[in-house]
Amino acid sequence: MIRILVTGGTFDKEYNELAGTLFFKDTHLPEMLRLGRSRLEVTVRTLMMIDSLEMTDADRALIIEQCRRSEETQIVITHGTDTMVETARALAAALAGDGKTIVLTGAMVPYAFGSSDGLFNLGSALSFVQVLPPGVYLAMNGRCFTADRVRKNRESGFFEER
Amino acid sequence: MIRILVTGGTFDKEYNELAGTLFFKDTHLPEMLRLGRSRLEVTVRTLMMIDSLEMTDADRALIIEQCRRSEETQIVITHGTDTMVETARALAAALAGDGKTIVLTGAMVPYAFGSSDGLFNLGSALSFVQVLPPGVYLAMNGRCFTADRVRKNRESGFFEER
Amino acid sequence: MIRILVTGGTFDKEYNELAGTLFFKDTHLPEMLRLGRSRLEVTVRTLMMIDSLEMTDADRALIIEQCRRSEETQIVITHGTDTMVETARALAAALAGDGKTIVLTGAMVPYAFGSSDGLFNLGSALSFVQVLPPGVYLAMNGRCFTADRVRKNRESGFFEER
Amino acid sequence: MIRILVTGGTFDKEYNELAGTLFFKDTHLPEMLRLGRSRLEVTVRTLMMIDSLEMTDADRALIIEQCRRSEETQIVITHGTDTMVETARALAAALAGDGKTIVLTGAMVPYAFGSSDGLFNLGSALSFVQVLPPGVYLAMNGRCFTADRVRKNRESGFFEER
C-alpha cells in the first residue's frame, strides 16, 4: 500500500476561463492513476492546494507530521517544483531513522495542459517508491535524487545534482 | 546510460486517416522523452515495428542478441502487451547471469490517443530499470513483475502475479 | 433550434484496449458541444452507430424519414466520410422542396484521438446550417459543398468539387 | 481567398514552464488549420500578440487599416474575448459600406490546453465569413452576432444578444 499526499503545485493547476488565470480546484491524481491504468493500492490524501512558493513552515510541519503518522511506509508527495528541494530537506531532517521511503514529485506544466510531464513523473515516483531503501528522494526528469544532493536549476527548469 | 529497444506494440500505433485503420510508422519514444522532460542519458534503437501477436522466434532471438551485446547494463524494451510475457521469459532464460537489468513495458492504448497509459508506463519502466538488481522484469499498471511470475489477464487487460 | 442526427462514422470511433481495435460506443457529440462552449439550442438524436461503408439503403431511408419529420428546419448530420456523398445525394433527391437546410459533416480522425478534425468540422457545420438557404450540403475541410457537386478524393482524403 | 488577422488573445496563450505564467509566443493558427484539415485558401498575418485588455486605440486603428487595405473581402480576426465587442464596433463604424465580411472570434481557453474551444470557434468563424453578407460579426459559442447587438456576459463567460 502506497500513501499519496497532495500539496498542489503546477501538477494540479487549472485554467480559470473567466479570469484568464491559473488556479487550484481539485487534484487530478485519481484521474491520472486511472489514465495510467494503475493497479497499485494507494490512498490519496489532499493536505493543501497551494503554489509551493507560498508554502510556509507550518505547511511543512503538517507534511512532516502526516508522513510520521502514516501507516504506509511508502509515500509519494506531489509538490510544486519551486520549493520541492526545501521540503525534501525538511523531511529528511525530521524523519531520519523513521524507516519510510518518501518520494517527492511534481510537474513543470499543469496536467490539464496537453503537454504536461505530470503523468511521466507520477509513473516514475510511484516506481521509485516501491524499490528504494528508506530515505527522502526527488523524482523529476526521469531521475531520482536524494534530498541532500539536489537543486533545481532555475534557468533550465531541470533538477540536477549539487 | 540506459538503452531503449523499440519493438512496436500498441505504444506506437497510429491512425491511418485514409484507410481508417491502425498502423505503425515511427516510434514516439523521442517525443515521449521530451514530453516527460527526461534528462536521462539514453540511446533509442528501433529493432522492429510490429504487433506483438506477430512476433516470431526469430524476432525474439534478435531482441535477445541485442540485449546480450548491449554495452549498457540497463535496458528498457517497449513491446506489445499480448506476448510481452513470452518475450520476458525468453530473455530471462537466455540471459541468466548476464548481469543486466531489463524492463519490458508497453501500453494498452496508443500514445497518439489522448488517453494513453504510455507516458505513465515509460516513466515507470525507466525508473525501475535504474534501481532493480539484474534480472528481467515487466513494468505495467504501476507495478513491477519478474518474468517468471506474471501473466496478462486477457479479460481485464491488467497484468497480475501468477 | 437545430437538430443533430448522429449516424456514427470516424467521428465517434473509440479504441477498444482489450481487442486493440476501433469500435463504436456512445456519441461524443454532447462532450464536443460542451468543449466548444456551444450555446446553440440543439436536440441530439442517435439514429445509428455505424461505419458509413456499411450503411444500407434502409439506413438511408431512415435518415431521410427523420429529416422529413423533423420540426427543426436546420439539421446537422454526423456521418462517416466514405459514403457521405451518397447519403447527401439521397437526401437531396428525396427532400427537394422540403424547405430544410441539411449539412452533413464528419471527421477523418476519431474525436477520441488527440489530432481529430472533428471539433473544427462540427463548428463549421453548425455555422453553415444557420445561414445557408434550404438544400443539402457537405461541410468538410472548412469548405461547404452542395450535394450534387462534391466528391471525396480517396487518395488525398480531402473533399473537392466535381 | 480569406484573410486571417491574428491579434493574440487567449487563443494563442502558452504556458511558460519556467515562470509558471501564461505568455504569448507564436500564433497557433497554422497548426489549427492543419488539424482541421482545412483546404481553404487563406493568408495569415499576425498584427500583434496581446491580451485584448491591453489593446489601445492605436492598435484598433491598425486593425481597421489592415481590414480597409485587404484585397480579400472575407476577413477573420482572432481576438481576446474581453474587448472583442469594442473592436467589432470600431470596425463596424469605420468600415460601413466597405463591402467586406469581417468575423471576429477567439477562445475562452488557450488552444495549447486540452480543453480549448478554439478549434470549434475557428471552424465556425471561417464558415460564417464565407456566407454572410458584408458587415462585422462575432462568432462565439457556435452563434453569430452582429457588432451592434452583442455583449460578453462577464459572469458566465458567454456572448449574448443585447
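A, B, C and D label the chains in the order they appear, each numbered from 1.
Note that contacts are C-beta pairs under 8 Å (C-beta built on N, C-alpha and C of every residue); 3 or more make two chains touch, one makes a residue touch a chain.
As the structure is a computational prediction, the values presented were derived from the model and not from experiment.
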item: Chains in simultaneous contact with subunit B and subunit D; value: A, C
item: Chain of greatest Cα-centre distance to subunit A; value: C
item: Intercentroid distance (Cα basis), subunit D paired with subunit C, Å; value: 26
item: Rounded Å distance between subunit A and subunit D, as computed from the means of their C-alpha atoms; value: 39
item: Inter-centroid spacing, subunit C versus subunit A (mean Cα positions, whole Å); value: 45
item: Contacts with 2+ other chains: residues of subunit A; value: 108, 114-115, 157
item: Touching residues on subunit C, where the partner in the complex is subunit B; value: 10, 15, 17-18, 20-22, 51, 82, 108-110, 112-115, 154-155, 157
item: Interfacial residue positions of subunit A with respect to subunit B in the complex; value: 32-33, 35-40, 108, 115-117, 119-128, 130-132, 139-144, 157-160
